[in-house]
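What follows is a pair of complexes built around chain A, which joins chain B in one and chain C in the other.
Let's look at the complex of A and B:
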């Protein structure tokens, strides 16, 4: 590779799978290739200095359009590799000066990579997000919490608009707290059921509503590592959870490369 | 499976939205210290400021990026209500103190209220009430 290039690392795979990799283009539109060391192969691409020198890269990553393109391209390469066999996905913007540095990495951490790849073989990551309609549970919760807290009681309370307002606010707050408790309960129960049909799980933080495009509360955002032969059962459990409670919406994404399980896969839980 | 370049906007083959992808490639995946260091946390900080990218940053909280902790939208209304209550309690306490004390100090305090602090407080309360009312509707 010529001067002025850097090596962008996408994923690490077993060496014997690299022949099966489809030809692919990476974050810079470059041809994706592999760097082999021992029985491991790194899926890499040579990227030019213009967009990928540290300073320019930092600026580019702050440009949402550029970031979105790079993220999709990175994910596409990792996903293509994952379609061929076990992969260790590497975080975005991991770069080396030359191929030898990549070989050094593979040699230095060979045992780790092999162990992780073995634990990920035949498994894929599935994302489950659950949303709660913010209107429906509040009504449901206030109905359960007794007549004193219902909206009707607050509105007809004597004592002028000030205390009516305070009563209404108190009722809203109580209803909301009750809804939040139910939501937490439901999320826990859903997580437990999904864990039973998966090998490992990670709880992720709820996404910004502005990004997810949902006005509903995200009450569960989790990743599950699922054996290939249990995917149907996993899906069936997700199907059961849809509409399990009023106002609850469940979304399944996947299969993903095992991003959330790239470190000590299969043992730790989020 | 087709692999697309960064300029290609065709949707990914799975049902993955941008948020899901960013969440994984920026916050998950194996961390390896490469030769060329780009501090993703810096980038996340900026994108968080723009309120466009993920809130799913376990690492961000460790370095003190935790706006979601105080974001009324994410925290729910309770947080804002608590602050509003505190302000109102302080206001009531100040008014009661002024009335009970009488004399010069209270007068001075009274003038303070008249000279704007009180009206500002009232205005803030009113706006908070409006916000509350708007949210209810």
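Let's look at the complex of A and C:
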């Protein structure tokens, strides 16, 4: 690599798996390579300063197209490595000035990386998202004390339209509270069932409706680390949850490289 | 050496991908790294992403990039 380059870090793997990595292109279209230190290998690529120097990178990350392209390219490399064996994915846009700094990281954190790789071997990450549509007739019906009842109460109220409105409004608020309680309760039950067939779990933040395109409430966004030999059972539980409750929409994504389970692995610079 | 041989046929929604590559993965910070601080990165890019999406939604459907089919 020449001057004006930075080293983009995709993932850390065991050195003995490095020969099995397929040839791949990275976030800058560069050929992905490895940097070895001890029994660890870092999957890296040399990226040009033009797009990846801090200032320009910050600007690029504000560009949705650029961010989407980088995210997909980064994931493609990490997933290709994950297909060969255990992998510790690294967060997007982690860069070093040169290969020696990467070797320094691998040496300094050798025990952490090895322990994490061991804990992730033979396991993959699965995502489960659940949505509840509060406007589904069946949710509205179970949440309201019944549309007929509230209308009836409104019509028979003596105070005219003002109190009719208040009664209706009160019924709507009660319905919403009730739907929210069901949503929380169902999410908790789903999470518990999925945890029983997985090794580890992590609750992710609910996705913004503007990003997900879902108008329904997101009641669960979670990641599960699942043993290879339990994947069928895990999927079967998800299948059961689809259609478990009326108005509840459940989605499965994966397998993912274990992004959500490399975070808390204690691999962190002091 | 075949660059197209990645074993991936997963249709991935960008929002699920960003959950992972921006909020997951090992965080390596310190003097060895070049990039912006990770926390700031997530915050900034998600904030701007939201405004970008709003802008996209305001435009015509044709302006939605091809990579965002799952939106």
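Rule of thumb we're sticking to: the second predicted complex is superposed on the first by the 242 of 270 C-alpha atoms of A that agree within 3 Å, B and C clash if a C-alpha of one lies under 4 Å from a C-alpha of the other, contacts with A are read in each partner's own complex, and residues count from 1 in each chain.
In this text, a residue touches a chain if its C-beta (ideal position, glycine included) is under 8 Å from a C-beta of that chain, and two chains touch if they have at least 3 such contacts.
Just so it is clear, the structure is predicted and the values come from calculations on it, not from any experiment.
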Side-by-side fit of chain B and chain C on chain A, or clash: clash
First, second, both or neither for A:62, with chain B first and chain C second: both
Which superposed partner A:9 touches (first chain B, second chain C, both, neither): both
First, second, both or neither for A:165, with chain B first and chain C second: first
Touched partner set for A:104, first chain B, second chain C, both or neither: second
Partner chain in contact with A:189 - chain B first, chain C second, else both or neither: neither
Touching partner for A:71 - first (chain B), second (chain C), both, neither: both
Superposition clash, chain B against chain C - the stretch among 40-48, 76-84 or 112-120 that is involved: 40-48
Chain B and chain C contact sites that coincide on chain A, given as residue numbers: 6, 9, 12, 22, 24-25, 53-54, 57-58, 61-62, 64, 67-69, 71-72, 74-76, 78-80, 83, 88-97, 101, 105, 127, 204-205, 207-208, 210-213, 221, 223, 253, 256, 259-260, 262-263
Of chain A, residues touching chain B in the complex: 6, 9, 12, 22, 24-29, 32, 52-54, 57-58, 61-62, 64, 66-80, 83, 88-97, 101, 105, 127, 165, 168-169, 172-173, 176-177, 180, 204-213, 221, 223, 253-256, 259-260, 262-263
Touching residues on chain B, where the partner in the complex is chain A: 1-9, 12-32, 34-40, 42-43, 46-47, 50-58, 68, 73-74, 76-78, 81, 129, 132-133, 136
Residues of chain C touching chain A in the complex: 1-3, 5-8, 10, 12-30, 32-36, 38, 41, 44-45, 48-50, 52-54, 56-57, 65, 67-68, 70-71
Chain C contact footprint on chain A (complex, rising order): 6, 9, 12, 22-25, 53-54, 57-58, 61-65, 67-69, 71-72, 74-76, 78-80, 83, 88-97, 101, 104-105, 116, 125, 127, 129, 204-205, 207-208, 210-213, 221, 223, 253, 256, 259-263, 265, 267-270
